[in-house]
Each structure stands twice: as structure tokens, then as C-alpha cells.
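Below are two complexes that have chain A in common, paired first with chain B and then with chain C.
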Partner chain A sequence: MSFQFPSYYSREPFFTIQPVLNTRKKQLEMWIDLVLSYCRYNKVYEIDINEYIKKDHKLFYNEKINRRLSNESTKIIFEEMIEIGNGEWLDKDKNRVMVWWRKPEEWATLIYKWVLDSGQTNQVLTLWEIQKGDDTKNQEFYDLDTNVLIKSLKVLEKQSKAQVFQGTDSNLGVKFFSI
Partner chain B sequence: MGVFYSFCGGEGRKGNGISNTDKAVLDLKVQRDKLKQYQVQINIVIQKEIEIAKECTKTKKRNQALLALKKKKYQEKLLDDTNQNLINIQEMISKIELAEFQVKIFDSLKKGNTALNALQKEMSLEDVENLMAETEDAIAYQNEISAALAGQFSPEEEDSLLEELEAMEKQMTQFPKVPNNKLDVNLDHIIPAVEQPTKQAVQIGGESSTSTTSTSKVEVEPEQLVNVEDIKPIDVDQDDDIQEEEQEEEEEEEIEKVVKEKPKKQLEMAM
Partner chain C sequence: MESINHSIQIVQQNPVLFDNEDVVSQMTIDNVSIYYGDALSPYQKGVIILTSLRVIWVQTSNNLPDHQIASCALHHDSIATIAPITTGFLGIGSSPKISITCRSGKELRLSFHAGKRDEFCRIYKQVLLERQTIQRQLQQQQEQLKQQQQTTTTTPTTTFDQPQQITTNTNRQTFDTSNAGISGLIKQMNKRTEETDKVLSEAFTDLNALMEKAKDMVTLSEKLKTAMDKQLKKEGDPSYSAEEDEFRSFLLHMGINTPVTKKTAKSHYHTELSKQLSDWMLEKQILSKQGGGRQLNSGMIPLADLYCIFNRARGIELISPDDLYRACLLFEQLNLPFRIRKFDSGVIVVQSKDENDEQVAKEIIEIIRENGGSITPFHLSTIQQISLNLSKEKLLACERLERLCRDETIQGISFYENFFIDCKQLQNSPPLVAT
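Up next, the complex of A and B:
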């Protein structure tokens, strides 16, 4: 089953950024909601705006009503999304954006809970183990994007619940602490 | 064990809570991850070779099919080897983790031991022995005092004292029972006598205002009037049961006289 687009995705005005401030605010909210749900459903963590628009990706292009979001409009939406803390630009030209359909703080909580539940405090884990390990297959953070994972672990580091460190050949590992 | 110990304890910690042991474990785990990834790769290759072999048997290319199967066999051997390696690495990781644990346990035991020693230093064996001897003396002295005090009575006297005490206790526990059966006194004759006066007083009042009455009323009056006049003697009689019989008899006689006389007078008046 593929992602079910909401009904407002089939309205023409939705694809043009509205001039009236209130309407525009509402519209941006709806777009952010759509982007986040789409990314959550398909486990997308990173969007290359140029790439998506060039390839007429269905997220920004509705074939049925033949409406597409312009590059500028897309950037306005993502600026707003980053403003409310659901993403981050990956480059200076603002082409690639990290989409946090779950904020790093939320991932951090989930990961730390899993560590506690599986009795792995005071143990060293590789990042790969967290992303792809047999033990995490049923976890929501399975296949988590490396950048997002590192961000989440940094959150835990600030709470002194974890320490990220390098092995001899620059491989990253993390040690979790019990509090 | 010695090797691991120099790992954990000796070199001190780098960074925040990350020891060299942790780094060693990380390196091992990274190797393990790589082996696992390698296994995934091998499995894909094996699948491919199987498909090739199937294809070749379909198209009757026996040699190529055989070659693919050989390749598959080789990959399977590799897989076995990696499995063995994985087990070795896992074993090593477990050993390190266990050794780290043991070092920590050893540390805690050491700390516990020093604490215990420090506490024990505060009391020397000699002091304890002295203290115990003194206590024993004190207990013996106390016993002597008790014996001296208890010696004032002979055993027989003490027995009699005890008996007295027991008797007292028995008395204390044997209270007379509170009666809960009905009283035998018959109150029936009291109640009407008490109630009547009020009714009669009303009737009397009514009579004085209306001087002329019907004959039927006159018939009822004798009894009532008698009772009204004699309320007081009857009440006294009933309240004080203890009154002497003679007095009662005298009064009764008087009452009877009055009862016999009055109605006649009243009747005459009414007529």
C-alpha cells in the first residue's frame, strides 16, 4: 500500500503560496504536515529539493490536476518547517534538507528506552548495530538515517546518558550510561 | 585475565567515561558488523549462483551449471568460515565484558574490605574482651542484689501471696450478671389510672359550663366523678409500693366510703 495523499492535495490553490497572511500560515502548516507524514510513511530522512522537482516527484507534483510546487515555494515551506524544529538544511544553497518527522530528542528517548529495556547500559554499541542490528529489527529506529542517529546520540550525550567515540579506524561507537 | 586487567585498570580513562577497553570492544564490534555485512553479501552471491545453475540446467549447459554450483559451494565454505570468525569475535567481546565486570566487582570488594578494616580498627579485641568482662561482672552483681531482695520471704509465704493474688483476680473477673429478663411487676392497673384524670378534667369542665345535660350523660358520670376526686390517694398508693399495708387498707376503706357516698350526692344534684 502506498502513501495516501490527503484530500487537500487535489486542490489547485494548494500548490500556490497564498498571499493573505492567515491563509498562507494555514497552508504552510498543511504542507509541513503532508511532507512529514509522507516522509514518515516512506522512511525518508533527506530531501534534495532540486532532484525532487526535476524528477516531478509526486510529493510536489500532482499529476491528476497538473499542478506543481515551484522551487521557491518549496523552499518557503521547508524554511517554515525548519523554523518549527522539524528539519535542518544540509548545505549552504539550501537544496538538501533533513526532514525530522521525529525530532532528534524524540529519537533519543526511543533509543535510550530500548537500551534500558534490553539491559545494554554500560555497553559499547556500534552505530550500525543500532541501525541494522538483529536486535533492533522491530524498533522504529531501525534503518534510521546516520545523520539523524548521530544528532539523537548527541542529545543523549548532553543529558550524559551516552558518549559517542571513535575506534581505531574512525568507526563511530556509542556507550550508554545508566543514570 | 592479566591482559584484560592492564587494558581496563592500567591506562586510565580517555574522554568522558570511555576507557581503552571500550575502544577495544568497539573495534571488535565493528569487525563483527563487517563480517555480518559480508555474510549478507555472500548470501546474495549464493542466491545468484543458484539461479544461474537453474538457468543453465534449463538450457542444458551442464558445464556452466556445474561451475555455478562449484562457485556456490565455495561461497558456502566462506560463509562457514565467517560464521566461525563471528563466533570467535563474539566470544572475545563477551570475555572482555565479563572481565570488565570482574574488575569492577574486585574494586568494590576492595573498597568494602578497606571500609570493614577501618571500622574494625575502631575497636580492638582487648577492648571488647574488657568490655564483655565488665558487663559480666555487672550482671552477676545485679543477680546478687535480686537474690538479696527476694530472700525477705520464705517460699511458703510467697505461695500464700500468690494465692491471694489469684483469688483477687478471680473476684475481679466474676461480676454479677446484668439481668435481661422482663420485670414481673404488672403495670396494667397503673396506666389507666394515670390516663383517666385528663379525660375527666375536660368532661368536668364541660359539665360545669353546661348545667343541663341529657340522661345518658348522667349515667356515665358517677364512675368518672368518683375517680376525679380520688386521684391523689390513688397516685400515692401506686407510687409508693413500700407503704405499710395498714395505711393502705385505711385509705382504701376511706376511698370506698367516698366512692359510695359521692355518686349518690352527685346524682341528687344532677336530678
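Up next, the complex of A and C:
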């Protein structure tokens, strides 16, 4: 089953950034919600705006009503999304954006909880084990984007719950501590 | 060539002028020949001199004694018209010429071998014109003189002599040497401006007369109306023709019986005008006509439209846009049921006091629902029979109220009900609470 777009996705004004402040605020909220839901469903961590628009990606182009988001409108939405902490620009030209449908703090909480639950504190784990390991198959952070994972581990580092260090073959390792 | 005076007195190679004759300055041109129509004349390559009375041609020869010098003159009074001859393609290389048509029908030509044709022609025409007007005045005065003489013969009193003398004096002044030179030109200019002033003031008195007539028309229409009312009562016949009905309504619409004017209201002008405007708008239900007839006394009208309709109703004593604007500004102060409103775009409308944007929004949303969910300014303007500008302003106002939202495409803007504000259908799960 593919992603179910919400009903407002097929309303024409949804694709015009509204000039009235309150309406616009609500509209941006709705767009961010749609983008995050879509990315969560399809496990998308990164969006290249130019690429998406060039290929008429259905996230920004509703073929049925023949409405599409312009490049500027898309950027306005992502700016707002980053403002509320659900992403980060990956380049200066603001074409590529990291989409955090969970914020790094949330991922950190989830990962640390899993570590505690599986009793792996004070052990060294590779990032690969967290991303692709057999034990994490049922976890939400399975297949997590490396950039996002490192961001999350840095959060744990700050809370002194973990320590990231350079392992062999340029692989990163991480050690979790129990507090 | 009976028009030409062939014998002119020449003294020291200069023509002798009459007492009342002046040479027009700058208008002595060398190297000019005279033709009889197409044919050559004996007068070739001489000096032409323009005076206040004549055009004089004198042969240029340095050694001849005075009595042998050929010369001629053409009196202004014998001339019908003059015109420069436009030389065609074949005329290239020939000297510029002026054609002079005499009252006798004969044609003379002046050929300017050394140029200056256009300049001469312009001044010549001016001089001729002045000469004609002087001549006309002379005639009139002579006629007056005759009449006065007739009256004086019947009642010979000395008092009549004085004006006679004065008129003859002014007559003589026109030929005075003081009219020559720069001071003369200045005098002429002053005279001309005076004349223009006179013409202008006359024109405006005509306008006043027109307005007086319009007043008469209004009273006439009122009389007709009352007469018809009486007739109707007498007959008591309800089956009068539709034509009559139309005529009656036309008379009714002729306008406001006694328009407030600056003269009648003076310092209270704008207040009175404001009151009258308000009464008139209520009576004629101007605003309800604008709202597509949905509700009485609702809707709005652009100030420009109001200006046109109001002045049309006044018929006479038209008001200026500024007066109307000031009168409208007084609505609220005078507690009248209207108010003026300026949209952000600068469009000014007059609106019913009871009307607010919420009500407008309700009406528009109703229309949107009837029209399948969206509406363009153009569509709304046709439905409500309002101007496109006003329709756009209404929609934008509703958008600002967060009642509408827009869909902008290459085809233009259409407006929808604002579903953003009501939408609660958000899918993303609430953020995890850190444990």
C-alpha cells in the first residue's frame, strides 16, 4: 500500500502560499505535516528540492488537479520546517534538506531506551549494528540515515550517555553508559 | 492692373509715405520681382516695402534721378487674399512666391529671389487682418455717426457732440505713429489679450445661460409630473399605457429638485451636501442595487460610480469629486447610515453603516458554494453586478478575515472557502516525550 495523501492535498489553494498571515501559518503547518508523514512512511531522510520539482514528484505535484508547488514555495515550507526543528539544510544554496520526521533528540531517546532494554550498556557497538543489525530489525531506527544517527548519538554524548569514537576501517563505534 | 498705383512720389530714392502710414519694421526686402499671374511685369528685382497701408515696390538703381525710378504700390484695401505658392516637384530651383488675389479678381505674384518669403507672408497677413478690423470699426463708427447725426438733427443738444469727438479721436489714434515700433507691438499684444478675455467671459456667460435653461427644464418636468398625476386621479383609470409609465418614471428620475449648492448652503455646504447625499441614497436604494439585490441597504459602491450617478441626478449645479469626497467623510460625524471606506489598494467606496465584512463574507461564501467551490473576481462582479475592482476588493477583504483562501495560477486568482483554518486532520504522530 502506498502513501495515502490527505484530502487537503487535492484542494487547489493548498498549492498557493497564502498571503494572509494566519492562514499561511496554518497552511505551512499542514504542508510540514504532509512532508514529514510522507518521509516517515517512505523512510526518506533527505530531499533534493530541484530534483523533486524537476521530476514532478507527486509530493509537490498533484497531477489530478494540475497544481504544483513552485521552487520558492517549497523553500518557504522547508525554511519553516527547519525553523521548528524538523530538518537542516545540507548545502548553502538550500537545495538539499535533511528531513527529520523524528528529531535527533527523539531518536536518541529511542536508541538509548533500546540499549537499556537489551542490556548493552558499557558495550561498544558499531553504527552498522544499530542501523542494520539483526537485533534492531523491529526498531523504528532500523535503516536510519547515517547523518541522522550521528546527530542523535551526539545528543547522547552531550547527555554523557554515550561516547562516539573512531573504530577500525574508518567505521565509527559507540559506547553507551548507564547513568 | 488697375489695382496698382503706378505713380508714386519718390524723394531721394525713397517712396513718400502718407501721413498715417508707417513702414512695418524688418519688412523691407530686397531683390523681389512682380508678375501678372504667370507673365512677367516691368517691375523686376526691386525693393519691396510693407507699410501699414500699402505694399510698395521700388526699383533699385543707384544712379537714376528720382523721376526715372520705376515704382508701384498696392493698397491693402484692394486685396482679397494672399497665400504662399507651394512649389511642386517641377518648381525646384525657382524662387519662393506669394500669390496675391485682388478684389477685382486679378492675380499678382511676388517672387522673392533672396528668400524671406514666409516671414514676409506672415507679417503681411497680420497687417491685412488688422487693416480689415480697423476698416470694419471705421464703418461701424460711421454708421453710428450717421444715426447720431440723425438724432441730433431732431434734438440738437451739445451733449451729443462730445462722444462724437471722442470716437473720432480714438479713430485717429489707430493711425498714430505711437503704434509703430516695439511700444506699438506691445499695445497690439495687450489689445489681443483683452480680446481673448472678452471672448472667454462671453463663453462662460453662455454656460450660465445653459444652466439657467436646465433649471427651466427641471421645473418643466416637475410641472408635467404633477399635471399627469392630476390627470390620472381624474380619470381613475389604472390601465394607463406602459409608455406613460415609463415617461413618468423618467421624470421622477430627472433628479434632485433643489440641489444643495455652495450659494444656498455657504459654510454648511459639505454638511448639507452630505445629508442630501445620504437621503438620496436611501430613497433610491443605491447600495442595494449594487449588491445584486440580495438585501436592502447593503452592499457598497465605488466613490467614482457614486459621483457619476449623483451628478446625473443633480443634473445642474454639478459638484466636484472633492466636494463629494468631503461630504462622504462627514457621514459618520453626522450619524448618517453610511460610511466611507478606503481599501488597501486605494479604492474608495461608500458602504452602508450596517454592513460589515463578516456579512459580506457570508454572502460571498454562499455564492461560492452555489458555484462549485470557487469564484474569480470577474465571476463575482457579474453575479453581483458590481465593478471588477470592487469585486476584487470584497474578495481580498474576506481573505484578510481568513474566510477565504486563494488559488493562484497562470489563469489568474480564484478564491475558495478557507479550509486551512478549519482543518484538524494532521497525520504526523505527536512528538515522543523523553523518558
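We adopt the following convention: the second predicted complex is superposed on the first by the 178 of 179 C-alpha atoms of A that agree within 3 Å, B and C clash if a C-alpha of one lies under 4 Å from a C-alpha of the other, contacts with A are read in each partner's own complex, and residues count from 1 in each chain.
The rule we apply is simple: a contact is a pair of C-beta atoms (placed from the backbone, for glycine too) under 8 Å apart; a residue touches a chain by one contact, two chains touch by 3 or more.
Predicted, not measured: the structure shown is a model, and the values here were computed from it.
When both complexes are superposed on chain A, chain B and chain C end up sitting side by side without clashing.
Of the two partner chains placed by superposition, only chain B is touched by A:N171; chain C is not. When the two complexes are overlaid on their common chain A, residue A:Q123 makes contact with chain B while staying clear of chain C.
Draw one line from the C-alpha centre of chain A to that of chain B and another to that of chain C; the angle between them is 130°, to the nearest 10.
In the superposition on chain A, A:E88 makes contact with neither chain B nor chain C. In the superposed model, A:E80 lies in contact with neither chain B nor chain C.
Counting the residues of chain A touched by each of chain B and chain C gives the higher count for C.
Judged by the touch definition given at the top, the superposed model places A:Q27 against chain C, while chain B stays out of reach. Of the two partner chains, neither chain B nor chain C is touched by A:D48.
After superposing both complexes on chain A, the closest C-alpha pair between chain B and chain C lies 25 Å apart. Judged by the document's definition of touching, no chain A residue lies at the interface with chain B and also at the interface with chain C.
Across the complex, chain A is touched by residues 15-18, 22-23, 25-27, 29-30, 33, 37, 97 of chain B. Across the complex, chain A meets chain C through its residues 6-8, 11-13, 15-16, 18-20, 22-23, 26-27, 29-30, 33-34, 36-37, 40, 67, 101-103, 105-106, 109-110, 113.
By the touch criterion stated above, chain A contacts chain B in their complex at residues 123-126, 128-129, 160, 163, 165, 167-169, 171, 173, 175, 177. In the complex of the two chains, the chain C residues touching chain A come out as 374, 399-400, 402, 405-409, 414, 416, 418-421, 423, 425-428, 431-432, 434-435.
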